[in-house]
Amino acid sequence: MSESLLSATGLGISFGGVQALTGIDFRLAEGELRCLIGPNGAGKSTFFKLLTGQYRPTAGCVTIRGTVTAGLEPYQIARLGVGIKTQVPSVFDGLSVDENIWLAVRRITGAPAARNAVFDVLEETGLEHLSARQVGTLSHGQRQWVELALVVASRPSLVLLDEPAAGMSDDEVKRTAQLITAINRHCALIVVEHDMEFVQMIAQKVTVFNRGSILVEGTVDEVLADPRVRDVYLGRDLEMRV
Amino acid sequence: MDVSEKAMRKHLPTFACLVAAVTAICVLPSAVETFTLVEFTVYAIMAIFSLSLAFAWGYGGILCFGQAAFFGAGAYAYAIGVLNVGESTVAMLLAVAVPMLLATVLGYFMFFGRISDVYLGVVTLTVTLILYNLANSTSGDQYRIGAAVLGGFNGMPSLPTLNVPGSPGRLLDSVQMFQVCVVCLASVYIGLRALLSAHFGRVVVAVRENELRANLLGYDARKYKLGAFVISGGIAGLAGGLFANWGAFTSPTVFGLAQSAQAIIWVIVGGVGTLLGPVIGCIAIQWLTAYLGTIGWVNPNLVLGLILVLFVLTIPKGLAPILFMPFQWLLRQRSQVGNHEGRIP
Amino acid sequence: MDYVAVIAVEVLNAIATLVLVSIGLAVIFGMMRVINLAHGEFIMLGGYAATMAVKWGIDIWLSMLVVAPLAVGLAGAVLERLVIRHLYGRMLDAMLATWGLSLLLVGLTTAFFGTTTQGVQSPLGATSIGSYSVSLYAAFVITMAAVVCLLLYVLLRHTHFGLRARSVMQNASMAAALGMHPKRTYAVTFALGAALAGLAGGILAPITGVVPTIGVAYVAKAFITVIGGGTSILAGTVAASTVFGTVNQLVSFVATPVIGEVALLAVAMVLIRLLPQGITGRFFRGRI
């Protein structure tokens, strides 16, 4: 699997006595866009946090372009070229939009090029008109977009998004889908989502989690047609069917 | 807004500081009597101390309950240095370097151990207590470092004070001492403003704003906090060294809780998140304490305690927002890309 | 053998002193997540209350065990109403405001009583174990620490108040939804914590004498013991006191009392580094 950008093998984690994830085998190719779906408590966010380095696995490992990430701090994983957007928007509320983005690009570019790089990111994400606004004063949807801008500002090759469309209006959701599709032109993406309409707007391949393991993988249509997936979402216990 | 106007706005506080410092140095010595000048000198020294905490807490988000640990380390480092070397320049360098070393060790222990804010308060409080206890227990001639007898709770009296670098015989008089302290204060203030406008300072503030996001952007937040902590320790040490000079004396009270408490009160009263605020708060409270001392019947602890409680309850952001409101309004009218320097008064 | 017994008594005394000194702060921190930095001054006030009561002719046992906790409990209730009430949920602000309170109380006491140390005679003499003399008062301190812990356990586990208090501690909004008054519980709990501090002050007054600044020594140790102990009020305080008290006393024997203090502080720092949630964050979880 040497062409995989990211791969997880036998990944598992337990908290106290609870086995949150077991035996996860996952491959992501360069430039791929994958959506992770599944009911609440299935382990999607836990898997996400294992990828970002916020959690350490108790079994198995994750590699990004061959580098094992277990034991790496989140900032080290970020430096491998991974952009991360957390479930709860994590931005610098006390600073302005352009100051936020400046911090993101400045680590990559030198001081003279930083200004231009900030303008570029503002343009790509359509945030020019908000550049001087303090982020804490923006609406929820706008803050999510600022976070997306931060994620792409450091020109990552892999982007991890945890519920990027959460709490957004229909128009905002469409705009976010466009942004993500645009981002996908330059990098691979893993998107954790609940909103099935949003998933259908962006997804190529989908991975369904359930009860701490991967239930099925496939295209959106395949997965939605799969009766096991319907059962999982409707709550019917799989074992009882036998 | 054209370029020259923008540049002037960015550098206004620095410029104002330089003007104030030059004025103070040139005008005050002839305008006031020596006794008052000596008072002003200690105000300047304590203002430097307040800046150390203003930086660490207001911008770095590190509420250090034991800032006196670095102040005291600076004072004692100076004392031990000057008694051994016989010349004050190296001793003053030690007064800055030793606290920075202490801060590096302590900071590594705290920030790389991921302890939370409250625990940070406990640890810093504990360290200052340890140092206070240790300093107190060194009575007796056997406790000496080189030629310097530590003196226990009596302290180390009759310290040689600052001399012109290179000529141990030429000691500075009180006017020159005042001037040196004002120059140090102005330099620290201008230095911190410059630091906060640079990449390092901006990341420190970002780490305070949202440590997780700073990490996710690829910055090792622990290193930036450590850096801010070490710089803050060095500034406090500078103040401590100057203080030992001012009284030609040092004793364990420089490590005391009261010393740490004062710094916290100055920053709260002046305004957490600004540099000038704590300087003003420091000078105001120092003046108030001296004034209460002349009255005699009002206990300073009572007044300080009351002030602290009232400020936390009613004016948690301190005096700075009120004092600087007119300036802030002017600055906020026009804000540009990357122009966040205007927000550091 | 006798020597071991004497050392054992001294170590138990040190542990018991730490327990008494810290339990009030533990109650307040455990229930309300308020770090009351005026705790040392509550202890100091308890000492003054007991000392003054004795001077006014009240029996020393009553002064220490009744007057002191009542007086300081009352003072705590008043301060809670005026100051603490506004600071729930704001942990750092509470630390700062209570630090201000501590300065205020020191100032008030200095203004009223001056700065000279006042004392009360220890009401118990000494006894002997073999050829060594041991203070009987140490036995009293150890007994009182045990009694306080037992009473507190019974209060929290077996009374309605205790149940309400624990439920508010675990989930204040749920408790409010069930019709309890979190604010009232907090007020009573703060007064209880203050009273416990006053009791400690009363009990320790004959040993140390009272002076307005005596609180400083206590607050640091109490603070460290509570943080080191973790979230469980009783289990945490007892566990941390045992560790720190033992270290303090043993090192004091080997070296000097000051070095013993330093050892206590150093061990506390290491413990908090290793167990950031305190002892009961890892062991004895879920106990009271």
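Lettered A, B and C in written order, each chain numbered from 1.
Simple rule for what comes next: a contact is a pair of C-beta atoms (placed from the backbone, for glycine too) under 8 Å apart; a residue touches a chain by one contact, two chains touch by 3 or more.
This one's a predicted model, so the numbers in the text were calculated from it and none came from an experiment.
Enquirer: Where the centre of all protein Cα atoms falls, which chain's Cα centre is nearest to that point?
Expert: Chain nearest the overall C-alpha centroid, as shown: B.
Enquirer: From the centre of subunit C, which chain's CA centre is farthest?
Expert: A
Enquirer: Quick check: more C-beta contact pairs at B-C or at A-B?
Expert: B-C
Enquirer: How many angstrom between the C-alpha centroids of subunit C and subunit A?
Expert: The separation of the two C-alpha centroids amounts to 49 Å.
Enquirer: Quick one: report the Å distance separating subunit B from subunit C, using the average Cα coordinate of each chain.
Expert: Distance between chain centres: 34 Å.
Enquirer: Can you work out the whole-Å distance between the CA centroids of subunit A and subunit B?
Expert: Those two chain centres are 43 Å apart.
Enquirer: Show which residues of subunit B lie in contact with subunit C when the two form their complex.
Expert: Per the stated touch rule, the residues are 63, 109, 113-119, 121-123, 125-127, 129-130, 133-134, 136-137, 257, 261, 264-265, 268, 299-313, 316.
Enquirer: Which of the residues in subunit B end up touching subunit A in this complex?
Expert: 199, 202-203, 205-206, 209-210, 212-221, 335-338, 340
Enquirer: Sort out for me which residues of subunit C touch subunit B in the complex.
Expert: These residues of subunit C touch subunit B: 35, 83, 86-87, 91-93, 95-97, 99-108, 110-111, 216, 220, 223-224, 227, 256, 258-259, 261-262, 265-266, 268-269, 272-273, 276.
Enquirer: Within the complex, which stretch of subunit A touches subunit B?
Expert: Going through subunit A, the ones touching subunit B are 52, 73-75, 78-79, 83-84, 86, 90-96, 98-99, 102-104, 106-107, 111, 114-115, 118-119, 131-132, 150, 154.
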